[in-house]
């Protein structure tokens, strides 16, 4: 788990890669709305749609970090708005622990972030995403949890 | 064979010489006991402990290694990079384990290139034991505190000196390379070495090991396994700490079509070890799994290789989180065999 | 034999004679000093095997679920056995958890609560001997006397070599029992709790990371921590799953971190800090540092101390509308 | 390191043809052709042996070789979709390159079978290496080496029978007896109905100067063994093929160990006599 040797990632042209887990009913729709409203948001995000923020297993986040994501954004419906009544409220407890634990072990807190975005909040989605990307750009390429495989010659 | 003596004050010099053009692996003090570790600083070598927490099998059979890398459907690299290594301060039980592992990895003429390459490139400098460790029983399973099997050089601790005996041509060459700091061993020193061994042997508590294989076969359905299966937690400590356990897994790791095929330690104690793709599992209970480990070592290996795959290091006893004691199990099996 | 041990044997004998239990789970001497092993007694004649002293560290809850699984090949109706267990505070809390999670039936258990004065960490004792092995040990109440394989002798008060989790334990007596033989005489002060976590937090993030790297790089993926833990009863652990394949099998640091982080998160709101994982680890990895962090967060954020009672819902199986969300990102 | 000297490295092979074998579509036969002709030469096998099929990035799975060496230029493997590797195999199209590692294990005792009558009893999808054995024995060059050949093969339903074309061809031949049965037929089925053990008892092949090779699901084996015994086949003349979880396939990794045998190198073909001496851990 050394720093990326790949030159591209360290020179000025490096752009963070973000994985966003978005709940189907609110945040994914919010991201969609941002798109159809032609609100500009950075392209360096891979969106993974999940049925509910309650579906997010902390292992999803760990796996994303292992697989080389520089940042992870998890987003669901605002409390009270969950399509399944309380999925996001159970999830919130898991997220609080995960966030705290990752910071505790020494992983930059900027890398894993959580938010609430409703289906009507296209602007909010774009703003949050931009904020996350800026923060990740600030801390640089991920290295700590990244799994390196041998270079293939 | 060549026998030389070294003033213990010159131990670090010896270690430096041996490791001059090789990787040096030796026991060093760690948080919880001693461990075999690659070192560059000879002052770290710690020869006080009898048994390291884990065995040195890692040097010839690592916890995991890449068999080959691949890209798409193409195998790209298969040659492991293996350095010349000297493994210093191995106890005779662990050295003997190498000799047993050799048999598996060359069994029926099918050679395991990864193991053999590591083995070929590893010189083993063993050190006879003057004081047995807490659960040692090497002499009950065909070994000795001064056993020579599997080693290139065997050392004896004479207090202020080390007597070093070459056991192989390679070992002799190794000792010759250190001739500037050693002197030929005197008859008194040789005698002192022999005496130390005799003393150590006396201090080992004998364990009755079941030798009647037919009777041991008869224990397959015995109640004892049920009792032990209840206690066994099904972790891999005993197998991973064991110098002769060699079962492994092969798995692929990949990202975007590029990856590697790795082999890694595995153990019959894990419930998924024998799980078929169909869902069928021939060993569904921990009784059966614990039995498999014991019988593989003490029945199947003797049938296949003429010897039990246990060198009596006692690591499975001291490390077992459930407090299972292989020595007691063997005693019971032996007395059951006698009774039939 | 101590008074407590004698009382325990008498009680168990009575339970067998009254047919209150079919099976008793306790501790018996193991092959090496300062170590005990779980034992499974099926009659009053066997009670002499039972021991009770400061080396009975195993959390016996881990052995219980297997006793209530229908045996293979059992036909027709099968009645689970009535099982007696001797429990310390931590055993009883894990049992509370297993009952709540429906792994063991309360009505088939008979719990004998015994006050615990803290259990010895055998590695701490062995370490005092330096590199030589531990040949013999005598425990007399709270004093421990050990002899090395080379004849070296050392004496301790058990206090000096207690397991880390016992140093901070606030629940040394059983929280659930059918009979109480004794209560713990005293317990560490509240202020002793989570001191390791607090100390660790005072370091910089990189220092914390480097320390955990040095600890976790020793992991050999033997899963002793998992198997010794009463909470880890999953039929197939995430670490073993192949579809999806969460983890590779190597000791690559990324995998080891993911395994241990995944493991402690899975323990969130369930871990009782019994120390079984730490005691089981052959490499002496400070696993507790991770578990205790999550335990403290659960307590501070959700106001729940895990598995103190059968009535309280586990922290991650419940929520409050006003739960903390100060960690969420706002634009 | 090349696959000829390193037993862990697979030979690259091209998927030449994929045949869906059954109605449930979870059985496919892969016709594989070596990319390198040197490798084809090195892969010298006898019916009964198996190979590790290898999909880089997914893993390997041990599969019996369904083709006979008399069918030159290709290998056949019939694979049931059960896990990660077989699932991936089922998704691969013709033309893709996969790996084959082998041949592994002990074959059917062809030499012992020579000059004798041979009875083949198969059930379901375990018929693969029995197909190889049958094809081998009825090949022009070999047919004279064997006495009477009787093939009894059954499946749950007509749609689950493997190798339907070959079965037809065998039925049309007069130098072997082919008896096909299904547990339950459908409207179009004109053949026999009945479980394999029952049909075996009806057909009652003579055990005189004969060897029997049996392969099938555990439940079929369980009910067939008493029939075999009744027909007078000695355990040493009854040959079975075991399935076991494997990894290395070369007697190192310990996974397929039963008693003092390793299924991968001492089997998968065993006589009933040998199996009876092993603990029942399969």
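Chains here go by letter, A, B, C and D, matching the order in which they are written, and residues are numbered from 1 within each.
FYI, contacts are C-beta pairs under 8 Å (C-beta built on N, C-alpha and C of every residue); 3 or more make two chains touch, one makes a residue touch a chain.
What you see is a predicted model; the values in this text were computed from it and never measured.
Taken together, chain A and chain D share the touching chains B, C. Most remote chain with respect to chain C, judged by CA-atom centres, is D.
Interface comparison, B-C versus C-D: the pair with the greater number of contacting C-beta pairs is B-C.
Centre to centre, using the average C-alpha position, chain B and chain C are separated by 30 Å.
As a whole-number value, the distance joining the C-alpha centres of chain C and chain D reads 50 Å. Mean C-alpha position of chain B lies 39 Å from that of chain D.
Remark: chain A and chain C have CA centroids separated by 35 Å (rounded to whole angstrom).
Across the assembly, chain A contributes 147 as residues in contact with two or more other chains. Annotation for chain C: residues touching 2 or more other chains are 248, 252. Residue positions of chain D touching 2 or more other chains, listed in rising order: 83.
An unclassified topology is adopted by the chain contact network, corresponding to no line, ring, star or complete arrangement.
Contacting chain pairs in the structure are A-B, A-C, B-C, B-D, C-D.
Here chain B touches chain D in the complex through residues 67-68, 70, 72-75, 78-79, 104-105, 107-108, 110-114, 220, 246-252, 254, 257, 259, 261, 263, 266, 268, 273-278, 280, 282-283, 288, 292, 296, 299-300, 303-304, going by the rule given at the top. On the chain D side of its complex with chain C, the touching residues are 83-84.
For chain B in complex with chain A, the touching residues are 66, 69-71, 76-77, 253-255, 258-260. The touching residues of chain B, counted against chain C in their complex, run 29-35, 46, 48-51, 53-54, 63-64, 131-135, 227, 230-231, 233-237, 239-241, 249, 251, 253, 262, 264-266, 270, 272, 284-286, 317-319, 321-325, 327-328.
Those residues of chain C lying in contact with chain A across their complex are 200-201, 205-210, 212, 238, 246, 248, 252-255, 257-258, 261-262, 264-265, 268, 290, 293-294, 297-298, 301-302, 315-317, 319, 321, 323-325, 327-331.
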